[in-house]
Amino acid sequence: MQEFLQLVVSGLATGGIFASLALALVLIYNAMGLVNFAQGEMAMLATFIAFTLINRGVNYWIALPLTLVIAFGGGIAIQRIVIRPVERAPLLTLVIITLGLATLLNGLAGAIFGYVPRSFPSPFSVQTVDIFGAYASYRDLGVIAVSGVVLLAIYLLLQRTTVGLTMRAAAHHAEASRLLGVRVSWMLALGWGLASAVGAVSGIMVAPIILLEPNMMQTIIIYAFAAAVLGGIESPLGAVIGGFIVGVTVNLAGTYLPFVGGDLQLAVALAIIIGVLILKPNGLLGRPSVRRV
Amino acid sequence: MAALLELEDVRAGYGPTSVLHGISLEVKDGEIVSLLGANGAGKTTTLRAITGGVRWTGDIRFNGKSLKRMHTEDVVRHGIAHVPEGRGILTELTVEENLKLGSHLRRDGAQVGKDYDRVFEYFPVLKDRRRLSASTLSGGEQQMLALARAFLMKPRLMLLDEPSLGLAPLVVRAIFEIIKTINESDQVAVLLVEQNARLALDMSSKAYVLEVGRLAITGSSAELKGNDAVRRSYLGY
Amino acid sequence: MAHRLRTLPPRYWLVLVVVLFLIGLPSVIDSFQSGEWAQALVLAIAIMGLNILVGYSGQLSLGHGAFMALGAYISAILATRYKMDYLVTVPIAGLLTGLIGFLFGVPALRLSALYLALATFALAVVAPSLIKRPAGLTGGVQGIVLLPPVPPQPLSDAYAFLTGTAMTSDQWTYYVTLAWGLVLFWLAWNLLRHRAGRAMRAIRDGEVAAAASGINLAGYKTLAFGISAFYAGIAGSLFGLAAGFVSPDSFPVALSIQLLVGAVVGGLASIPGPLIGGIFAYFLPIESNQWVPTQTWIPVQIATTIEKAGPAVTYGAVLILIMIFAPNGIVGLVGGAYARLRGRVRGAPDRDTGQMPQDTQTV
């Protein structure tokens, strides 16, 4: 029982990481019907920026929000420079462009920072605290807390502010929103900025666990895909719930299913993706959408 | 005195197909003008040209300012509210959120509150259902929502595309009553596209009749109503 | 007969020239380079398969590296464990992989293009770890080492007669790969020019319309999957031949991206595109590493960045730029320029250069 609780708690921690990246994916999907294959690499780059700031002596709790702001700006820049010229292109073209972007950013990170894995500082100690007889590390609890705060902030922004309202309007009903004076193109850019910032949180939270290097997000994004697909790719709430479910499931599977072990946890994510797409393609919270011809 | 809205020899189309072949019309401040004609005559395209939804040549001036090459969202911000075919309801959002999108650009907070009160007075159903998804509204209720939202934009001109389409006569009458009220009390000009010519002529002071992308007839509503020949050949009744 | 020869469209002559060039190539380059060209041809074959899937039937697969791995491992296992002649294992690997691809195509039908891309991408990322698991069969992390192929004596003698030196293992590999490449190219050409090709293009350009005109959507889409997996399987098997070993790390997700880059650069939905794509995909990283530092007009910082980053930066940038400016790839650019030229000279209509599909917005 103890072990189970421990696995659940650390599963929730990794789940928070998956949830953040999945939320970023969903934000962009809602805005453009596009899965941004570069989301992980964008997060990785942001994490490197945070690393650089911290190395120069900036306090972690200042570097974190500062990086989010930079990531936000970066997301907007990418949308304006790379995506907007081809806004009206077929979906497949856009997907390939995001793949190109992912490759480019990966190479850029490798060129600037090198491929040697580095340790990334965490403000939370790895010491454990006793919860109901199980041991949970401060770090895991910290990750859960930070992820939770960020996800809540995004929720409040989208649901309770005018800006969030116009973003949602632009995402779902571009033409009708224009007729209401909404600057749809800028809302799209804002969506990318927000997604980039949320993704950055994911990267910064995971770096202390798996070591910082250019390829670190390649597996995380698969988990995020699983989370987004499980939750329903149109639903921000679904992405968050999906993230936590995937986190806990993968953790439990790794320990309790001997044939999975540590090295096939990623295959569990693949199984989730394939299973959901075949059995319930709209995910838990998604709604069946009409195929527009 | 220049009219509020002036169209001068406007040609518009979709890709290689030309729909409007040189339309000129005007709407004065506070006036209600009907734009009539059969299906495919170009009425909807005319409205879309005004708010930048389709490419056009010629000139369109609002309040003296040319709308050439302006993006839709900027045209609208100049004071034109366009309720399109299909009403343009944002079905992913709630009724309240739809209304909020009508007023989100305004800075006059106190007046906005009063306008909301009026909206709920005109359309009580919107107040009852305001937290529900807009997709749960019936056709007539969605039309009410679209109209309320347009009113909240505090426009100087409203473009209404077939507000009576698909609605029961009682509902249509109620809606048209309110359009008239808004026009009279707030000096909001209206360019009304309608297939139901009788209804439109009853409300408007002037009418233009389109036929295959060209202006066939224009005159005061009284004239057109009174002319049997015109009524039968152009207006269908 | 002579009349027919004279009226053959220019592209037939172009094909002949290219084929002759490729046949004669090993005699003018050294043996190691022949081995490199063999690897480029391997990529070209895989890209041919990917092209059929993406360019012609509009299904985006990002997991073709995994199919290559499957073909490679089937060949390697048959050759080492069951002592089969490697050359015999190539078609077997291809057919088996093709069958599995066909089976893959069935559930893939239910996925929109976006979801298919997502699922195959995930597959590509997971593939190496799936390979490592059954270590008894696959050799685990170390993979399987293959003996270098020996050219058959009569061929080697003939080659020595023509060129003065005996045929090396690398050259033999090159010719095997070339032979398969030519066969598969001919196969693709015939397939795509006729009914199957038209059907697939109709599907790519609008599924609903295609289905409405009576095209068997499910049949053609799964067929496309199967065929393209067959190509990838052959490519994978030949890869083992050319590289001399197979290991999980030979098939990372970057390989699938590399194939996609090659397909796009060459020109999707074009038949000659894959050859250009394969050459580009294989030689670009090598050339950029060797050639760039020697160019004095490139600022030092950019040169070192390109060198350190390896091919990724270039691939990524190329992919983005091509999709923005030349979505029909090199073949599209050349074909378009050629058609415009011809049009100006003769007033003839444009050829179909193949376009990226108009996709339906689906979940």
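Residue numbering begins at 1 within each chain, and the chains themselves are lettered A, B and C in the order written.
Criterion: a residue touches a chain if its C-beta (ideal position, glycine included) is under 8 Å from a C-beta of that chain, and two chains touch if they have at least 3 such contacts.
This structure is a prediction, so every number in the text was calculated from the model and none was measured.
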Give me the chains shared as neighbours by subunit A and subunit C.
none
Reported most central chain by Cα centroids is A
With centres defined as the mean of C-alpha atoms, identify the chain lying farthest from subunit A.
B
Chain centre separation in whole Å, for subunit C relative to subunit A (CA means):
33
Which integer distance in Å separates the CA centroid of subunit A from that of subunit B?
43
Where the CA atoms of subunit B average out and where those of subunit C average out, how many Å apart are those spots?
56
For a test of understanding, state which residues of subunit A touch subunit C in their complex under the given definition.
33-35, 37, 82, 85-86, 89-93, 95-97, 99-108, 110-112, 114, 218-219, 222, 225-226, 229, 233-234, 263-264, 266-267, 269-270, 273-274, 277-278, 281-282, 286, 288-289, 291-293
List the residues on subunit C that touch subunit A in their complex, please.
54, 58, 60, 62, 107, 110-111, 113-115, 117-119, 121-123, 125-126, 129-130, 132-133, 206, 208-209, 253-254, 257, 260-261, 264, 304-306, 308-320, 323-324, 327, 356-363
In the complex of these two chains, what residues of subunit A are touching subunit B?
162, 165-166, 168-169, 172-173, 175-184
Quick one: in the complex, what on subunit B touches subunit A?
51, 53, 71-73, 76-77, 82, 84, 88-93, 97, 100-102, 104-105, 149, 153
